[in-house]
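In the two complexes below, chain A is the common chain; its partner is chain B in one and chain C in the other.
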Partner chain A sequence: MTLLSGSLAADFGGTTDAVVALHGVKVHYPVKEGVLQRVTGQVRAVDGVDLSGPRGQTLGLVGESGCGKTTLGRVIAGLVAPTGGDIWVDVDATQHSEIERLRGVATEDRSPEDQASWKSLESNHRLGSMSRDKQSRYRRNCQVVFQDAFSSLNPRQLVRDIVGRPLRVHKEASGEDLDRRVIELLERVGLDSQHLLRFPHQFSGGQRQRISIARALALNPEFVILDEPTSALDVSVQAQILNLLVDLQKDLGLTYLFITHDLGVVQHMSDRIAVMYLGQIAEYGPTADVFNSPLHPYSRILRDSNPTLEDSLDTVKWDLSGTVPNPVNPPQGCRLHPRCPVARAECGWSIDDVLTDAERNTPVVFETISRVERKSDFRATVSFSEPEQAKKFAKRIGSLAAHEALEQPIRLDDKLVEVSFNEVSEAQLQQLKDGRWSSCTRTQNLGALPEL
Partner chain B sequence: MARSDDWLLRVDDLSVHFESSKGVAHAVDHVSFDIYPHETLALVGETGCGKSVTARSILRLVPEPPGSYASGSISLRNGDGSVTEILTATERTVRSIRGDRISMIFQDPGKALNPGLTIGRQLAEVFGEHRMSMILGNAGFDPEKPSRTATKIVQQRAGLLERGVYRLTHLRAPKALQKSIDDSVMQALADTGIPNPRKILGSYPHELSGGMKQRVMIAQALACDPDLLIADEPTTALDVTIQARILDLIHEMQQRRGMAILYITHDLSLVRQFADRVAVMYAGRLAEIGPSAGVLASPQHPYTQGLLAAIPRPATPRGQLAAIPGTVPQLIDPPPQCHFASRCSFAASACHQVTPQLLTIADKHDVSCHRFDTASRIDVSPQDMPSAATLGGVASS
Partner chain C sequence: MTTLNRSRETSKRAAVARESALSVKWARRREVAQEVFRNPLTVLGLIIIGLFFLMALAAPLLTEANTPDPYQSPRDWSNISVPPGEAGHVLGTDATGGDVLYGIIWGSRLSLQLSLTVVGFTLVFGTIVGSIAAMRGGRLDNLLMRVVDVFLSIPELIFALAIAAVLGPSFRNIILALAAVFWVKYARIVRGEIIRIKQAEYVAAAKVTGDSTWNIYRKDVLPNAVSPLVVQATLDMGNVVLIGATLSFIGLAQAGLTEWGAMVSAGQSGLLAGEWWLSTFAGLAIVLWALAFNLVGDGLRDVLDPKTEGR
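For the complex of A and B:
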């Protein structure tokens, strides 16, 4: 199957410009150990993400806890500096194709015109190298509503101070004018002037989230990052807040990045969704398409696991095995492969996968393993106490792993089995159809989700 | 309200009050329901509706004070047909029921497991408390005439002795005894699908993932084959993929062992898949109770209707979720009225003056609403309603 070219950062969802476009954004946190606090590894919270926030639309970001969705939201808001990659702000399609073109040219190969063009793009649009002035404008323009309205509102401040603070900090209003503006904002979110002089603890969870939204709207932003805005609320109140958010988007032309783990909510709210797994985007596409015909096993599993009031579309439910791997040392190849129900050896098997498979599916064989001598993560000699079991083990790997996945054919020598896999490059997000992206290598080859 | 007699647990007119500086909070207000053997009853409601307090009352776990059981009874039917009154039983009787006949799994497995004990030791406690003779028997002792030392050692291994006491009896456990304990614990763990249980016997809770901790809790709760399992939001703290696996596990264990489950949740979409019957609570009272298919397909109480309409579905146009206006009322000294009246679009004057009672409207389907008959919503005048006195003195509470 032929794959369309380009990167996801250029997918503007039908509009011509994006409030923000991400190119290979990475956030790695160092792991320190010992008395000397030496850095022994990196937690790859976000590991090479391309994404764009199409103006006036809602982009949903879903994933389980620890997949890096909140960190990604914070990077986009400018609260966390990325350790790699670029964040472009307010770019239209022509500027973006220029960025794409220049990124393809190595810095030393660029012509003087190219260099000048890159420089002007960087100083005007790249978060981190923009002028202070522009940076501050972006911060005003991009606001965040946090998950927990209990801890994101200062308990010792009055509502007037909480909602009015952005206006004061940016010297937008003061005195009576400030009060008037705050009351306007409160009315916008369904509160009124009688709430002006109260403390956060005097409000219910839903009202507190309204205050958070009012604060986020104080500076007339174009772009609002909603980080699990309703996950601490009851359904009846959640419905009120979601309706409010949709009304505000219609009235003010807002762009939303909606971060959540709740698939029902994201399906209701978003135009497009990006499904994240272990710091990377697994699938991206229009919401209805991703739900109706997922192109990545992980999206399919998420959908199937999500309890709904309707009957599910497919009768066979896909299930995820095992637990989330350590993001310090993510699996090679496709990051989902150790847990994926349709994974094949070519998805990036290593010695660990063979042993896990043996433990799970052929416990009798696994019991007789006496020694595993590793030459690398992909090459090892496994010794058995009985030659019969060694034969079974070799046979099973032979049936699971296609020849392309093996560096050398499996060698069986009485009680010893020698296995060596090819190292596989990391799975890349590719456009399969118009606007549908998936990072599953098997789906990319087949053009559709593989059968279970 | 029609109630048949083959119940396992009967909650009758239960009220639980909490003293606070502002007044008496009626957390649970005249709630009655039965749980039958082998069934799953879901208790659904929003934050603060009293569902967890109801569940804890069944094990008499509400702290007194500030809590108090203001009215009602909870009865558990024993194997021989006799009935134990949980609220009036001795502490010793209740202790023998907890973890043996009725057990509970809690919302956050991270908080419900003791961080200072290994998994093996934590699970040994259940066996030491309820299955002493089995442990001794498996170790080759005579369960009829157990040796005092052996009993003490098991109790010590299970963390059931005060520190000072077990110092005196600090003897080396005979290998057979320790093996008997470990075997029972490993069997319980293996039943919940934990691969290689021996590996986690010596682990501490923080070393396990959330899903694994919840499995350990389930193993602990099911160790003694309870008749009733109370699951208090068992998956709220977990991711969806793990939630599905844990719920499947609970369901499978129910199939295998035939216990009844009281499943407490705020998520109506889980009810459809896992419960035979559902009871909806609002502000301390039962709003509606009935077979889950029936209640979800044609909810009769306006609150249940609102709750279902508020869940985002693929078909709902964006921004047009039917939100329930307003917020939950204060539970402190509530007046005699329908608690939902202030948020209800069908409320009539009677709803603000008289507490509605549960009425059977269909087969095993009860609703507490003056105006449940949605087909003909005629105004009911207060004169037509039964007076508060004939309603069993609800108004005076």
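For the complex of A and C:
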């Protein structure tokens, strides 16, 4: 199958205008150890994400807890500084293709015109290089509704001060005018003037989330990041808030980034969804397509984890095994492969996978490992204190999906086991069909999601 | 036309709302106060504290101030070591004829001076240090907290004793010594609270509004960090007097001062001879003072900061 080129950031979801376009955004947190606070590793919360927010649409960002979706939202909101990559703001398709083209040319190889063009793009659209003025205009334009309606409102402030704060900070209103604007905002989200002088603790969860929304709308933003806005609410209240958000989008022409782990909600809300796993985008596409014919095993698993009324007892459900791998040391190849029900040889098996498997499933064997001599991530000699356990270890690998990926048969030499896997490079997100992206190596090879 | 009416309607409501904003905040405070008053032990503590405050304020009215130094009991050389109730001395006299009641009354002024100065200074200084450490983070935080660790590694009493001994025996030096010791606790508490509050989503929400760091500190961070400070400050009002009394007991205040600890110390030589009143009454004053502030502090903690109960 021929793959279409380019990065996901160039996919503007059928529009020609994006409020934000991310290029290889990374957020790595250093892991410090000991008294001297030596950096011993990096937690890769977000690890190279390309993505665009098409204007006027809702982009859903789904994934399980800890996959980096909230961090990504905070990067876009400017609350967390990315440790790598670029964030472009308000770019249209022409500007974006210019950015893509220039990114392909090394800085020293650029012609003077190219350099000038890059410079002007940077100073007008790149977060971090834009003028202070433009930066603050973007911040005003991009507001956030947070997940926890109970902790996102300062318990010591009155609703008037909470909702009116953005107006006050940007000197848009004060005194009586401020009160009037706040009442208008409250009415817009289904509250009214009698709620003006109350403290947050006097409201129910749903009402508090309405207050949060009113605050986010105070500065008439174009772009609102919704960070799990309904996950802390009762199901009945969830529907009310979602309908409110849909109505507001219709009336005000808002662009949403909807972050959630709830697929039912995202299906109701989004035009397009991006499925995140372990800091990277696994799949991206129009919502209905991703739901009806997922192109990544992880999307399929997420969808199947949501019970529906149409399910019959013999519906085959895909399931994940094991737990989320450590983001300090993510798996080689495709990040899902150690947990994937359809993983095969090409998915990127490495020494860490068989060691993790031994630790989880055959702890007795794992305990007797005395030394691991690594030649690379894919080749190592594992020494055991007992030949018996070395044999068991070799046998266990033979029974795993990983054995298909062995470069050469396992060499068992008394207490030593020599394992060498085929080297695999990191799985890349690629466009398979028009507007459908997947990072699953097998899907890319087969052109369709593999069978279970 | 209707929109105009509607907007006029809205601004009328807004005007009414603005007037009552203050009253809503006061109503909230009143609620907290009512909850505090519901605990009888807290009320008892407050009554005792009130009486001590009255006594301290009215000292020149209750007794005739001694000249030149009112903090020395007037000497009645003809009535040395008189038991309570005799020769016009309600609580008796000490070995130099000083009136015990006079000492207790003027001693309450010294206790008030001591506790207000020390707690006032340490609260402000500790809050500043803790705030800088927590807001800045990184190396400065590390450095400041290691200094705090050094202070905390030495028991309060021993440390204050060492400082007061170096500075020389006087009441002013006791205040200095206690101030030098007590601020670390506040720095610790404030830092911890701020680091916790900085994680709260309302701080992130405030950042999104574009407000300045100083405003976020002033409006979001500090107000939510205040509760444990109020509790600790109340408890310290008692602790400071207790440790101050210990220092003057072992002779770090001027001789003959009407400081309760010094009075207990002066009275102990007479205890074996059956002259119990001086040490007993002065000791009782110290106990009541410390007890009252502890009762109120515990009561405040139950209302303001229930999660740290029993710390």
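The rule we apply is simple: the second predicted complex is superposed on the first by the 382 of 452 C-alpha atoms of A that agree within 3 Å, B and C clash if a C-alpha of one lies under 4 Å from a C-alpha of the other, contacts with A are read in each partner's own complex, and residues count from 1 in each chain.
Going forward, a contact is a pair of C-beta atoms (placed from the backbone, for glycine too) under 8 Å apart; a residue touches a chain by one contact, two chains touch by 3 or more.
None of these values were measured; they are calculated from a predicted model.
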Clash or fit, chain B versus chain C on superposed chain A: fit
Contacts of A:Gln143 with chain B and chain C, given as first, second, both or neither: second
First (chain B), second (chain C), both or neither touched by A:Leu242: first
Chain B versus chain C as contact partner of A:His261, first or second or both or neither: first
Touching partner for A:Gly34 - first (chain B), second (chain C), both, neither: neither
Touched partner set for A:Phe199, first chain B, second chain C, both or neither: second
CA minimum distance (chain B, chain C), superposed complexes, angstrom: 11
Touching both chain B and chain C, residues of chain A: none
In the complex, chain C residues that touch chain A: 7, 10-11, 13-15, 17-18, 20-21, 24-25, 28, 200-202, 204-211, 215, 219-220, 223-224
Chain C-facing residues of chain A, complex: 74, 77-79, 136, 139-140, 143-144, 146-148, 151-158, 160, 165-166, 169-170, 175-176, 179-180, 183-184, 193, 196-199, 212, 215
For the chain A and chain B complex, residues of the former touching the latter: 64-65, 204-207, 234-240, 242-243, 245-247, 250, 261, 263-265, 267-269, 288, 291, 301-302, 304-310, 317, 319-320, 323-324, 359-360
Chain B to chain A touching residues, read off their complex: 46-47, 195-196, 209, 211-212, 239-241, 243-245, 266-270, 272-273, 296, 306-314, 316, 318-325, 327
